[in-house]
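Structures given as C-alpha cells follow.
Both of the next two complexes hold chain A, though its partner changes from chain B to chain C.
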Partner chain A sequence: MADYTLETEEGRREALRRMLTIREFDSTAGDYFADGEIPGFVHLYIGEEAVGVGACAALEPDDYIASTHRGHGHCIAKGLDPKLMMAELFGKQDGYCNGKGGSMHIADVDSGMLGANGIVGAGPPLATGAALSIDYDDREQVAVGFLGDGAVAQGQVHEAINLAATWDLPAVFVVENNRYGEGTPVEEQHNVDDLSDTAGAYDIPGVTVDGMDVTAVAEAVEEARKRARDGDGPTIVEAETYRYRGHYEGDEQPYRDEDEIEKWKEQDPIDRFSELLVDRGELTEEELKELRDEIEAEIEEAVEYAQDAPLPDPSEAYEDMFAEMPPEIERFASQARADGGSLGGDRR
Partner chain B sequence: MTAQAEIERAEETEAMTVREAIRMGLREELERDEDVYLMGEDVGKFGGVLEVTSGLWEEFGDERVRDTPISEAGFIGAATGAAATGTRPVAELMFSDFMGVSMEQIMNQMAKMRYMFGGKTEMPVTVRTTEGGGMGAASQHSGTVHAWIAHFPGLKAVAPGTAAAAKGLTKAAVRSDDPVFVFENKMIYEQQGEVPTDEEFTVPLGEAAVEREGEDVTVVATQRLVGESLQTADSLADDVSVEVIDVRSLYPLDTETIADSVRKTGRLVVADESPLSYGVHAEIVSRVQEEAFFSLDAPIQRIGTPDTHMPFSPPLEQEVLPDGDDVREAIELIT
Partner chain C sequence: MTRVGLIANPAAGRDIRRLTGGASVVDNYAKRRVAECVLEGLAVVTEPPDVAVMPDRSGIADHAVSEAPDDLAVERVEMTVEESAADTRRAAARFRESADAVVVLGGDGTTRDVALEIGDVPLVSVSTGTNNVVPTPVDGTVAGAAAAAVATGAADADAVTDRHGRIDVRADDVNGEKRLTGLAAVEITDRSFVGTRAVIDPSELVGGVVSRAHPSDIGLGSVAGCLEPLAPDALGGVALRLDDPEATARSVSAIVAPGMTATIGVTERDRLEWDEPATFDVSDVVVGADGERELEVVDATVEMTPTADGPRLVDADAALGAAVEAGALVREGPLLEER
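The block that comes next holds the complex of A and B.
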C-alpha cells in the first residue's frame, strides 16, 4: 500500500499536505539562502509541486526515484524528513548526507531516493539501473527517473530509456517540462512539439499531462507503474508545469517577463487542488488554514533543528570515499583526527 | 610477499593464459554469488570481442550474461544504479577508448555517490576493459587510459601483469563493495602462467608483487611490460641483478613494496604503457622520492608511450610502443 494515494480522502489530504510542505520548505530555503545561512546554491521546486507529489502518490513506499538538481520536492513527495533535509542544506552533520551532499545531492537510498543530481540527465541511467536490479531480483518495485525538459536533449537520457525499453525494465520516466532549460525556452531546445513524442523512438507509450494538476499526474504515473509491473517496460510521462522562481536562486531571469509568471500562477497546483477538495466537501477553508499553519510551524522547527545541529568535524571530509579507507587518504584523515581535538565541542 | 611465494602457497595451480585466468575468475564469482552478473557489448553469445567471456553465456544464461546495446553511457550508468540498489554488476567496456562515452556516469555518479550521500550507499560495481597497442588497432582501439581512473577519487584501478594476478584481481574486484576498474592489456591475453585453482584465491586490492628478486635495480612495471621486463632481467642476469615488481593495483598503490625495493637497490625504472606526462610514472616516482629519496643512487627512469596516440602502421606503432628493449636501455643507463 502506498504512503498516500489520491483514491482516498485521507490520501488526498496527505498529498495536499506534501505539496504545501514543499512550497513552505522551498520558500524558507530561499530565504535562508538569501541571508547567506545556506551555502552553495539552491534550485527551488515552487510551482512544480503537483508533479513530484502526483508521481509519488502513484508509487509504493519501496519504489525508487532518481531525482534532479531541483530535488527538494521529490524528497518531500517521497517522504523524506524536512528536518534532516534542512540540516543537509545547512551543511550539518545530522543532514541526510552528513553535510557532504547539500541541496543538489540529497539522497536517502534506504527510502528509495537515489539522489538529487547536479548533472542534467544523469538520473535516468540510474533509474534504469535500479529497474535492472528489481528485474534481476524479481522484486515488486518500480524505478522512476525524474528529468527536466532540458535533459531530454542529453545523450545519456536516450541511452537509458532505450536500454530500459529494450529490456522491458520496470521503469517510468517523468519529464518535468517547466518551459525553460536553465534560461532557454523549451521550443529553442527541442524539435518535437510534445517531449513525450520521443517515446515513439522506443516504441513505448508517451503521454503529456497537465503538470499543474496533481490528479492528472498521479493517474498517468499509476498507469505507467502498472505497465512497468506487468513486464511491459517503461513509459514517458511528460508533465507540463512551471517554475515560479529562477533556475537557481539569484537568477535575474532576463529570459521571461512577470506577465508570463502571473499567468501560470492562475493555474497554481496547490490552489487548484485545495479548491477541489473544498468543493468536494473534503476540506474547509478553516482546515486549510490550520494545515498551512501546522506546516509553517513544522518547517520553522526544521530550520531550528538545522541551525542547532553540529557542523561536521573537519576529519569527516575523509570518510565515505570507499568501503575501506585506502592508505592514500588515511594519512590525511589521521592527521585531521589528531587536529580535531583542538576544536573541542564548539563545532556549531 | 613475492609472487613466487604466493603461487607456492597455493595448494594447486594450473598453467593457463591470462584470458583463461580472467574467465576462471569470472566463472567462479558467478557461481559463488547470485547477485553477480556480467553485462556489456557482445559479452554473451559472441563471447566477448576478445573472447574473454567465451562460454559463460552458455553456462549461465541470458539473465546473468547480458548483451547490451552499443550504449556505454547507458549501460555503465545502469550498472551504477544497479550497484546502488542491491545487485553486483560486472560491466565490460569493450575497449578502454570507449570510456569517454560513459565518463559522465563514471566520474559524477559511480565515483561520487557513496561520498556525496555520506556513505549511505554501497557501489559494488566492476568495470573490465581492454587497453594497449600492438595489434594494429589504431588510435581509437589501442589507448591506455588507466591513469584517468587511478587519478579520479572514488574509483579503484587494477592492471594485472600475470595470469595469476589477472584471476586474483578480477575476483577481488567483483567482491569489493567499491567501484573497481580492471584494465586488461589485450596483448597478454595469450600469455601463460601458473594460476591457483583455489576458488578462494584473490589478490587483495593495494598489494604489488615482487615477480623477480634482484639487488641492483628495481623495475616497477604494469601489464605487458611486467613480462617484457622479466625477460629483459633474465637476459641481463650475467651483468646486473634486476628486481621486477608487478604493480597490480594502481589505486590503492602499494607504496611500501616499491619503496622497500628501492631502499635495497637504490635504482628505479618505472615501465607503464600510459603516455608519459602527468600519469602513473609520475605518481610512482613521487611516492618513491617521498619514501626513499636518500636511498636513490641514480635518477629514476620512466618508460612509457611518448605522448602520442597509437598509430596504425606497424613501424609507427613499434616506434612509440614501449617494450623490453626500452627497459634494458634504461637499466643500462643507470647501472
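The block that comes next holds the complex of A and C.
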C-alpha cells in the first residue's frame, strides 16, 4: 500500500497536505535565503507541487526516486521530514546530510530518496542504476527519475533512458516541463512539440499530462509503474507545469513577463485540487484554512529547529563523503581532525 | 469565391491511451503531411476554393501555407491562439460564417469541438486522433478533393452528407448544473477524477447513451453494437446500463478503447427516440464524451438525451462520385481539328 493514494479520502487529504507543505516550505526557504540565513543557492518548486506529489502518490513507500536541483518538492512528496530538510538548507549538523549537502543535495536512502542533484540530468542515470539493482535482486520496486525540460537534451539522460529501455528495467522517467531551461524557452531548446515524443527513440511509450492536475499525474505514473512492474520497461511521463519563481532565487527573469505567470497561476495546482475536494464535500474552506495554519506552524518550527541546530564540526569535514575513505583523502581528514577545535568558533 | 476551412488540432491523438491501450501516436509531422495532402486535394477541381487555415503553435498551419500548391490561395485565420480546445471552437465559429466546407484533422474530440460551432457547414472529418468513431481514416488528399467538390457545388451537399446525431448531457449535482456534449457516445465511469481522461479500466464503465452503434465503434458504441447495430444517421440513440458480466444474464465482448477489448455485462438496453432522455442516478463518477472522461459529478442525476443536431458529415467517396457525374474532374482540351 502506498504512503498515500488519491483513491481514498484520507489519501487525498494527505496529498493536499503535502502540496501545501511544499509551498510553505519553499516560500519560507525563499525568505530566509533572501535574508542571507541560507547559504548557497535555492531553486524553488512553487507552482510544480502537483508533479512531485502526483508522482509519489502512485508509488509504494520503498520505491526509489532520484531528484533534480529543484528537489525540495520531491523530498516532501516522498515523505521526508521538513525539519531535517530545513536544517540541511541551513547547513546544520542535524540536516539529512549533516549540513554538508545543502538545498541541492538532500538525500535519504532509507526513504527511497536517492538525492537531489546539482547536475542537470543526473537523476535519470541514478534511477536507471537503482532500477538495475531492483531487477538484479528481483525486488518489487520501481525507480523514478525526475528531470526538467532542459535535461531532456542532455547526453547522460539519453544514455540512462536507452539502457533502461533496452534492458526493460523497472524505471519511470518524469519530465517536469516548466517551460524554461533556466532562462531559455522550451521551444528554443527542443525540436519536438511534446517532450514525451522523445520516447519514440527508445521504443517506449511517452505521454504528456497536465502537470497542474495532481490526479492526472498520479494516474499516468500509476500506469507507468504497472508497466514497469510487469517487466515491460520504462515510460516517459511529461508533466506540463510552471514554476512561479525564478530559476533560482534572485533570478531577474528577463525572459518572461508577469502576465504569463498570472495566466499559469489561474491553473494553480493547490487551488484546483482543494476546490475539487471542497466540491466533493470532503473538505470545507474552514478545514483548508486550519490545514494551512497547521502547516505554517510546522514550517516555522522547522526553521527554529534549523536555526538552533549546531553547524557540523569542521573536524568532520571529510566524514560522510565516502562509504570507505580512500587513503589519499585520509591524510586531509586526519589534518582536519587535528585542526578541528581551532576552527570551531560559535557553531550556532 | 468559394472557401474551404482547414482545422488541424495539434493536440489530437496524443493522450495517455498510447500507454494504457494500443492507441497509435499521430505526431505533428504526420499531421503536417496530412494537411499538405488536403491542400493538394483541394486543388484538384478546375476552380479551386480559397483556403483558410486555423493557426497553431506547432507549425502545422505555417507548413500548410508555405507548402501549398501555387494555384491555391491559402491564408491563416486571424485569431488568437490559446493552445486549447478553444482554438478549434473559435476557428469553427469563424468558418460557420465564411466557409462552404470544412476539413478537420483530429479525432472524435476535435470533431465534437468543431461540431458545436460549425452549424450546417459540411464537414470532412479525417482521423488523426485516438478514439475515432466519427472521423474516417480517409487519405488527406481524398478528403481535400471531396471538400473541394462540395464547396464548389460540383457535388450537391445534400446528396453527399449525412446528419450525425449528438448526445446532450445535463447533470445536477451538489454544485449545480453541469453540461456536456458527445457525438457518438457519452459514458459514465466509476472513477472519481477526470485525471488523464482515458477510460483505463473497462470494468469501471457503468453505462451511458450512444447515437450510433456497431462492434467497430470503439467505446460504448461497440458495446451497444454487439447487441444490435445502429447506423450513424439512424434516428435516436441507445441507452445502456452495465455491470460485472458475472452478475448479468447477458454480456458482450466489445472493443472498449484502442487496443483494449473486454467482456461487459449489460443489464439494460433501451432504444431512445430523438429528444428522449435516459437518466442515471450516480454517487461519485466521471461522465465522459466519446471515450474521454470530462466531468466529475457527485450525488447527481445525470440526464442524457440524443438529439438530431450533430454535424453534417461528408461521405468522401460519394462526393467524388458526384463530382465525376458533374464532369468536374475532366478538363476538355481543344478538339484535334482546331489545333
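The working rule: the second predicted complex is superposed on the first by the 323 of 348 C-alpha atoms of A that agree within 3 Å, B and C clash if a C-alpha of one lies under 4 Å from a C-alpha of the other, contacts with A are read in each partner's own complex, and residues count from 1 in each chain.
In the analysis below, contacts are C-beta pairs under 8 Å (C-beta built on N, C-alpha and C of every residue); 3 or more make two chains touch, one makes a residue touch a chain.
On a predicted model such as this, the values are computed, not experimentally measured, just so you know.
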Fit or clash - chain C, chain B, common chain A: fit
Partner chain(s) touched by A:Ala122 [first = chain B, second = chain C, both, neither]: first
Touched partner set for A:Asn178, first chain B, second chain C, both or neither: neither
Which superposed partner A:Thr208 touches (first chain B, second chain C, both, neither): second
First, second, both or neither for A:Glu159, with chain B first and chain C second: first
Which of chain B and chain C A:Thr241 touches, first, second, both or neither: neither
Contacts of A:Ala224 with chain B and chain C, given as first, second, both or neither: second
Angle at the Cα centre of chain A, taken between the Cα centres of chain B and chain C once the superposition is applied, in steps of 10 degrees: 120
Chain A residues touched - chain C or chain B, whichever exceeds: B
First, second, both or neither for A:Thr68, with chain B first and chain C second: neither
CA minimum distance (chain B, chain C), superposed complexes, angstrom: 25
Chain B contact footprint on chain A (complex, rising order): 64, 66, 95-101, 105, 107-110, 114-115, 117-119, 122, 124-134, 136-137, 143, 155-156, 158-160, 162-163, 166, 319-324, 326-328
Residue numbers on chain B that touch chain A, as the complex places them: 37, 63, 68-69, 71-87, 89, 104-105, 108-109, 113-122, 153-154, 156, 176-178, 206, 251-253, 255
Chain A-touching residues of chain C, taken from the complex the two chains share: 10, 14-16, 18-20, 25, 27-28, 57-58, 174-175, 192-197, 200, 284, 296, 298
Chain A residues touching chain C - in the complex, by the definition given at the top: 6, 187, 193-194, 197, 200, 205-209, 213, 215-216, 218-220, 223-224, 227, 235, 276, 279-281
